[in-house]
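Please find the structures below.
Common to both upcoming complexes is chain A, partnered first by chain B, then by chain C.
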Partner chain A sequence: MSAVWVYAVTDRDAPLDVPGVRDEPVRAVRHGTLTAAVSSVPLDEFGREPLHRNLSDLAWLEPVARAHHAVVTRVAERGPVVPLRLASVYRDDAGVAALLAERADDLTTALGRVTGCTEWGVKAYAPPAPPPAEVATEGSPGARYLAQRRAERTARERVRHSAVDLADRVDRTLRPLATAYRRHDDRQAWPAESAAPVLTASYLVADDRRAAFTDAVAGLAATDRVDLTGPWPPYSFAGLDET
Partner chain B sequence: MTGAVVRADRVSLVDLLDRVLARGVVLTGDVTLSIADVDLVRVSLNALLTSVRAEFADDR
Partner chain C sequence: MTTSLQATGGDLYGAGSQREPANLGDILERVLDKGLVIAGDIRVNLLDIELLTIKLRLVVASLETAREVGIDWWVRDPWLRGTEDTERLEASDHKQLAAENERLRRRIGELTARQPDDAHAGDDGSDDR
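Right, the complex of A and B next:
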């Protein structure tokens, strides 16, 4: 018994020359102008129950996630793509075609939104904390203690301010170069974990602005730790319920 | 190191899983058998993050 794994939806021909999950051949399911890139997966491994078990096993998950991403990336090389969430498994090809029909308008809109664009991931990290300020070594133990506490508080505040400044500067610099953006970090949570980025964001960038965008990131990275990943298929921007 | 451009094809598993599991379109219908969600992979993700942190510490 097998089911159907869907990788992505596009309005171009789906590539058939890349292996899918478990090396199964990728095929196309069409409805109107839409094409879903799909492959068969065995139900004893990918049915609801076994899948839920397998997803909690990293050794199982990694090759599956990489295969999914490889197919999505290959489709994206041909044209606009709406990537599906990992492990989107359906009963059969006819069911997938019916789903394409049902959501045709939303899918077409989403494809239009990402046409000619790629996604870029940006993470900015807070500058290292400055060395502790000189603290008076004179005066009573009580006064020294209070001065020490004050200095620590000031240092913490300074780190927090420079982190917020950096996040704002990165966002202000990059957002005008992007078609759309998503902030993924929880600004309130920082610095719950000081090694966490102060900004985690995705930017949807038109192909003709790619050089300007990557140059701008390089400019930011000259003075601060700003990491760039990409180009990605538009995983963060292909939502169906957005305008 | 200050700043780095990382090619997506060598990108870390953390960034990849973040995208394929937490983003990507959810297309549900009568014929849907399953879709991954972050709750289902929490065990995997915790194991991954622990190993990444250990590698990170080794680099220091």
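Right, the complex of A and C next:
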């Protein structure tokens, strides 16, 4: 017995010449102007219980995630795409067609939003903290200790400020070049000593601004560690209820 | 409706523009955490997306760390060894705490050694009470 894995929705009748999850052939389920790229998956592996278990197994997850991404990317190469979250499994094609019918307006709007755009991932990292300076070498041990602590605190604050400045500068530079953006990082949670990025964001960039965008990132990366990934299908901009 | 399709800009995601094959961590970050979740007519359904997202955060966090130090993280299963990864993540914190602890012990030792003098001075002061 099998179920139906959904990769993405598009408004193009794209050729689906790419193997899906578990190398199953990808086929189209259509309703009106919308097409869902789907393939069959066995229920004993992709039913609720086994799926839940399997998703915790990175060795199982990796090929599935790569296959999902490959199909989404293939669809995206041919036109606008709304990628579905991994492991969107339906009972049968009729259920997928019903979904397309039910959410036709939302899906069409979402597709319009990402038409002619790709997603770019940007992560900015704070410069590593300099080693704490040995400050006072004279005075009482207590005074030396306090001076030392004060110097450390100041250094930490300076690192923190420069990190926040970097995040702001990156975002200010890139946002005007993007059609839409999402910040994924939580600034409040950012600890001063952590190796975590100070900015994690996705930018939806129109194809005719791609060069300007990547140039801008290269400019930022000349002085700071700013990592760029992409182009991605618009995973971060697939929401139906966003403007 | 069968509108045949011209490939629009076949190079959009092609080898020409991709610097390197996408990193698994970057892919997981997107296919697990982003993408459209439709709560509509999902019959067979899925999983608890929330739980999956929490697991993902652990994976991605350990990926970041692993990338920093160049570990082949995928040879281990971070979801099954969450505690170990957490320890690894916090190892640098522990090291810093240990160093500070050591410094404070030294400090206390020095101050204690000076204590008699200081105490004497204190006694002198207390005579004025």
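In this section, the second predicted complex is superposed on the first by the 237 of 243 C-alpha atoms of A that agree within 3 Å, B and C clash if a C-alpha of one lies under 4 Å from a C-alpha of the other, contacts with A are read in each partner's own complex, and residues count from 1 in each chain.
Here is the rule we go by: a residue touches a chain if its C-beta (ideal position, glycine included) is under 8 Å from a C-beta of that chain, and two chains touch if they have at least 3 such contacts.
Every value quoted in this text rests on a predicted model; they were computed, and no experiment measured them.
Model built by superposing both complexes on chain A: chain B and chain C clash.
When the shared chain is aligned, chain B and chain C each come close enough to touch A:R66. When the two complexes are overlaid on their common chain A, residue A:G20 makes contact with neither chain B nor chain C. When the two structures are aligned on the shared chain, A:A222 is found in touch with chain B, with no touch to chain C. Contact with chain C, but none with chain B, is seen for A:R12 once the two complexes are overlaid on the shared chain. Contact with both chain B and chain C is seen for A:A238 once the two complexes are overlaid on the shared chain. Within the three-chain superposition, the chain C stretch that clashes with chain B turns out to be 38-46, the only such case among 2-10, 38-46 or 110-118. Looking at chain A, you'll find residues 3, 9, 46-48, 51-52, 55-58, 61-62, 65-66, 68-69, 73, 82-91, 95, 98-99, 102-103, 110, 121, 195, 229, 231-232, 235-236, 238-240 touch chain B in one structure and chain C in the other.
Within the complex, the chain A residues that touch chain B are 3, 6, 9, 46-48, 51-52, 55-58, 61-62, 65-66, 68-69, 73, 82-92, 95-96, 98-99, 102-103, 110, 121, 195, 214, 217-218, 220-232, 235-236, 238-240.
Across the complex, chain C is touched by residues 3, 9, 12-15, 30, 32-33, 43, 46-48, 51-52, 55-59, 61-62, 65-66, 68-69, 72-73, 76-79, 82-91, 95, 98-99, 102-103, 110, 118, 121, 141-142, 145, 193, 195-197, 202, 207, 229, 231-233, 235-236, 238-240 of chain A.
Put simply, chain B touches chain A in their complex at residues 1-6, 8-9, 11, 13, 15-17, 19-21, 23-27, 29-37, 40-44, 47-48, 56. In the complex of the two chains, the chain C residues touching chain A come out as 1-5, 7-10, 12-14, 17-18, 22-24, 26-32, 34-38, 40-49, 52, 55, 59, 61, 64-65, 68, 74, 77-80, 92-93, 96, 107, 110-111, 114.
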